[in-house]
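Think of it as A, B, C and D in the order they're written, each chain with its own count starting at 1.
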Amino acid sequence: MESVGNLILYFVVALVIIVCSVLTVTTRQILRSATYLLFVLFATAVIYFQMDYAFLGAVQIAVYAGGIVVLFVFAILLTHQPGKDAQRIESSRRILGAVAALLGVAVCGYGLFSYANFCHRQLAEVSDMSIETIGHWLLSTEKFGYLLPFEAVSVLLLACIIGGVVIARRR
Amino acid sequence: MPLSYTIAVIAIPLLMFFFLGLAGVKMDKKLTGVLGVIGMLITTVIAYGVALTYFFGSDQGQVADGVRQAVVVFNPDWLSFTKTLVVRMGIMLDPIAAMMLIVITTVSLMVHLYSLGYMCDHHGHAEKGFQRYYAFLALFTFSMLGLVVATNLFQIFIFFEMVGLSSYLLIGFYYQSPAAVHASKKAFIVTRLADLFFLLGIMILSYYTGTFDFDQLVFGPNGANSLEVAQSAIATGGGATFLGCSVMAWALTFIFIGGAGKSAMYPLHIWLPDAMEGPTPVSALIHAATMVVAGVFLVARLFPLYVIEQGAMEIICVVGAFTAFYAAAIACVQSDIKRALAFSTVSQIAFMMTSLAVSSADGGLIEIHGGHGLGFMASMFHLFTHAMFKALLFLCAGAIIHAVHSNENSKMHGLHKYMPITSIAFLIGCLAIAGIPPFAGFWSKDEILVACYAKGTGWGIWMSMVAGMTAFYMFRIYFLIFHWKKHEVHTEHAPSDQPWTMTLPLIILATISIVAGFVPAHDLVTWDGKELHTQLNWTVAGSSVLIACIGIGLAFKMYYKENELPDKLQARFSGLWEAAYRRFYMDELYQFITHKVIFQGICKPIAKFDRGIIDGFFNLLASVTGSAAYGIRRLQNGSIQSYVYVYLVGALALAVITMVCVLI
Amino acid sequence: MEIFSNILIYFVIVPVLTLAGLALCSNKGIKAIRTVAVAGASVLVALAIYLVYLFLQARGAGDTSEMILRTDVTWFAPFNIKLALGVDGISVVMILLSAFIVFAGVFASWKMNPLPKQFFLWFYLLSTGVFGFFISIDLFTMFMFYEVALIPMYLLIGVWGSGSKNYSAMKLTLMLMGGSAFLMLGLIGIYFHSAADGNLTMNVLEIAHNDAIPHQWQLWLFPLTFIGFGVLGAMFPFHTWSPDGHASAPTAVSMLHAGVLMKLGGYGCFRIAIYLMPFAANELAWIFLTLTGVSIVYGAFSACVQTDLKYINAYSSVSHCGMVLFAILMFNTTAMTGAVLQMLSHGLMTALFFALIGMIYGRTHTRDIRDMGGMMTIMPYLGVGYVVAGLASLGLPGLSGFAAEMTIFFGSFEHSDMFHRVLTIAATCSIVITAVYILRVVGKLLFGAVQNEHHRELTDASWEERLSTATLMLSVAAIGCFPNFFVNIISDSFLPVVKALGAMI
Amino acid sequence: MNLTLLMYLVPSLVMFGCGVYGFLTRKNMIAIMISLELMLNSVDINFVVFNRYLFPGQMDGMFFTLFAIAIAAAETALALAIIINVFRVARKVDINELTKLKF
């Protein structure tokens, strides 16, 4: 039996996620869209905290909410004149997109509700979720160690930095 | 003089060609001409030395048992088809080759000298392309000499092509004139067509006999023409036949066609009159004296083979006799002096051909062994004399043309007073060709007629008649040019005899034309290398002189003084006259065949077929592929959203299928 | 390394080094580019002449092995692919031909514009392929070098060409690639039947020696390989790339393509199709003989009515290259020797033709003979060159075409059956048709009155153009005057194949 | 009432659906990127909750999410750089109008 606070928190988060997701893709002002995205990301971070993944939640807030959304905002401001709405999307296109998205949701949802018995598991206790453990596994070369992907991602980031510089540089 | 010096005779003109052609461009024009003449003079001296040594010297091993042998001085391999079938490039002297050396070098030297004057304008400045002209003359001389000393049939073919080339280049010397270009092209292509047959003939002959060499085809062990060797060569055909004739007959007929092309036999004569577009000395050298007798020379070379293969010989005989008459008939009405002379040449060469052809039949095979073969000797003799007097006539014509700047009779008339030397030289030439004793033509033509009568009286009468026509048309030309009426001087300079460079050759050739008949040809150029005992046949000689006189008399009556008779006759027989003037429409026929049938009927459709059908097929293939690709391209429209959409639909479909499967 | 002691490998190394040298040149340094290009070509010519010397020496010393200068280096063991080098008389003369044409081609593209460096880069890449093809006797490397030679053609025409160059480049490349597809199938088939005992090999000599390709397979593989190479050899009806391709290609490329690349077709037909599959060659010869016989006459007739100089030449090439394949299919030493002579002759003469056409076009900016006339007065050197090339083409004694064609005709005539006879006579007739179209173009282009007064101001050949064409003219004359020298090099190389073919009858 | 796995998956699913919808319908490239982020985020949630509920002793899901975030950051940065660059050249961010490189 969950604590009530946890439950309430869950519902608030779920509501924020659902509503803000929908708003993100339906609003005609792109800056707003980015802002709704920010709310969704925060809500996601809350889920991570709920799951006891504090570090992940922190990363989510720092990188996603703090970094990426800011990038988006910059990009939007660079490419858009403020106050100018996006063009209305043709209804046929909207309907097609909606149908596809709803169908997808329906199929997946049907699958979830009808087959997935594992979906009704309870949350188990986790013993150790400290930063030391995470750091240990992240830099470990043993079995289940994540050093190689870690390095790969660092190289990727480097490449990305260089790429960003090259692309954005004025000729 | 050692016979091996013949190499020099061949080599000097070739070197002159390269020297004048390459270095001559930078040199003074006149100098190149003088160099050309000097080179030719040296060649001539050596050629005379060699030929006289061959005929009269005794220490060169060329005479054995009273038989003049063929001497091969030089014979390296040039191209090996197989181990045994090898083309060699050699030098061989036998009576006819030695005689040809003299003919070619003499006429060539005269023409070289004459051109010094002829190829200049009235102020004595050399024409454009002077050195080119001399280079080509040297090339021609080289080719022609190479042809006559050939040791094998293939070498003759090679030099056939080479003389064809030099002829092409010289006819087209004035390459800026369309007529000259057209004429040179025509000459080359017609002779090429004939050479194709020549080649086929060689192919057949060599396939069966396995050799090109004359010493295996026609020369016997004693080095002279031998019927036994020819017989065995023919026999290698093994009786193989094609369309009812033996393959050897086909081969020899084809080879004759090759010769007929060069020698302008009907119906391959059409190029020769047009070839007169070239400079007149060139016409004298190539198209009167030397190259055009290459065909006669070729048949004479293979004489024993033709003797054995009588069928081919009959064809030559008929073609020769017909051409002689046909060309003479046309020559009677031509108004262009060079054209008339050209047809005269055709007619005279046909005389030689006929003479060769009747030779084998004058009494049959056995009697040839007994010492006949008169026709062969007569033909070669006529070749020799004709070369001299026809060259003379052409050079005279050149002098006249140079003086009045026209080829047409109507622009000449009454020139005797202005150009006495030319007039006399021309008259000597006319008398020689008409066969009036003691001029050269009489002796040789008389023997030809004797040979013809020996084959059959009909042949003899026919040829006598042609001889009469010869006398008529030659004197017609002579009277029209030098008499007829007073000359109207159009230009500021009255026509006159030309400078000494041009007059000297006329005098020399006129002298030769007078005395050449006394050359003892029957001792020197016989088919089997033995002496041939002949004597004047008084009946034939008398009648032919009589016929010639009638011809001359007729010409005198019609053309000596201006009168109405020729016009009346022309009006009376206008159809015939027109046909003869238009050369019996042979050119039109060829024009039709080449342009309408081959060009429009074959080439154009083939080209269209290629572009339309064949290329069209590949283009169709390409465009089908292309449009298929365009169709498929719609799917790859580059819009990421449509990709995602399609992807999503696919993924959902898969999900649904999976679920349905699980359900079931 | 063992392989570097074999002179043959240098025929590939030298062009590659030249490529490297060119790559180091700056784009603007036209002098440096020319120097490197000329140096590369000169070394190739010297090497080729030395190779002929080596060959003659080896044969003179009594070395009767089928191929000399053999070296094998394993390249990819699982498929037994080797870098197998070796030459016989045919490859030797082909290498000589290629070297001369590359040499002349460099000078013909002296003033190449734009992008001279890139042009020479592709040019030498093409040369690398050509030489590589002639020195290898391994199916794989042969095919590889063949492709290396084909591909640069696309860019060379597409970038430096004229007229409808995109179309032509595409057409040429696609058709030749289509041929390669056939060829590749054939080669793979040959490989998998190359030995009866399972030791599959790519080496041409070993395959011929094993003689293990089953007859029913030969009947499939022979047409594949023959057509594959035949497309490049401009065999009717796969010749249509040739007129368009040549018309659009820049001068040196036309030279190299007609002069050398088309020879790859003939050489390949012989070396792979006939040599490895004598049974099928005997069985199916009649089909290809008919096609090539048609090629000869058809090409000649088509050339008669063309008005574009390059089209005339391209159709003339169809005719002459048809003669090559025709002679190869005659299966006797004489005709086959004639075929190689014809390859040499056609290579040099067509290269000369294209060089001259390029030079004339560079001055007049037209190739239509109706717009030109009297060129002999304006540019006598080029005019004389054109006449020489024309005479070589129509088979005048003393120039290369004559010796080649005569050898072919006499070789072909050795067959006494009616089928061969008729074809031979038809082929022989082409000498007249050739004369017609050559004289037609010479008459219209060079002789007559000057058609266009602007042409009077044009200049004659410059020194590098003279050098380029003189090289070719002298080569043409050398073959024409001393054919036996070449015949002696070539003819013995046909003995093994003629023997194998004879065993089939 | 317990917070089951399912309860976390539902918002995630909705978020993903919204992402898909946005991705399919938006014309603005930045908006498309935003939709993409939504989808990525929903996947991240799934990783985390599956890890947490089904394999509590392990951390693979978490690490995957961690890396996914890093990669998303990189990808976004690069994509936005490209978009800005394209905008500089073409003065457009509408993907339907940016057809110069098509075909």
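Quick note on the criterion: contacts are C-beta pairs under 8 Å (C-beta built on N, C-alpha and C of every residue); 3 or more make two chains touch, one makes a residue touch a chain.
In this text the structure is predicted, and so the values were computed from the model without any measurement.
By number of C-beta pairs in contact, A-D leads over the other of A-B and A-D. On a Cα centroid basis, the chain most remote from chain C in this structure is A. Between chain A and chain B, the centres computed from C-alpha atoms are 100 Å apart. Look at where the CA atoms of chain C average out and do the same for chain D: the two points lie 60 Å apart. A straight line joining the Cα centres of chain A and chain D is 7 Å long. Chain D has its Cα centroid 93 Å from the Cα centroid of chain B.
Among all residues of chain C, none touch two or more other chains. Of all residues in chain A, those that touch two or more other chains are 96, 100, 104, 108. Among the residues of chain B, those touching two or more other chains are numbered 645, 648.
Contacts between chains, counted with the stated touch criterion, involve the pairs A-B, A-D, B-C, B-D.
The touching residues of chain B, counted against chain A in their complex, run 645, 648-649, 651-652, 655-656, 659, 662. The part of chain D that touches chain B in the complex is made up of residues 20, 23-24, 32, 95-96, 99, 101-103.
Interface residues of chain B, counted against chain D in their complex, comprise 633, 637-641, 644-645, 648.
On chain A, the positions that touch chain D within their shared complex are 1-2, 6-7, 10, 13-14, 17-18, 21-22, 24-25, 30, 33-34, 37, 40-41, 44, 47-48, 51-53, 56, 59-60, 63-64, 67-68, 71-72, 74-76, 78-80, 86-87, 89, 93-94, 96-98, 100-102, 104-105, 108-109, 112-113, 116, 118-126, 133-134, 137-138, 144, 146, 149-150, 153, 156-157, 159-160, 163-164, 167-168.
Within the complex formed with chain B, the residues of chain C that make contact are 171, 174-175, 236-237, 239-240, 298, 301-302, 304-306, 333-334, 374, 376-377, 391, 394-398, 402-403, 406-407, 409-411, 413-414, 416, 424-425, 428-429, 431-432, 435-436, 439-440, 443, 446-449, 483-484, 487-488, 491.
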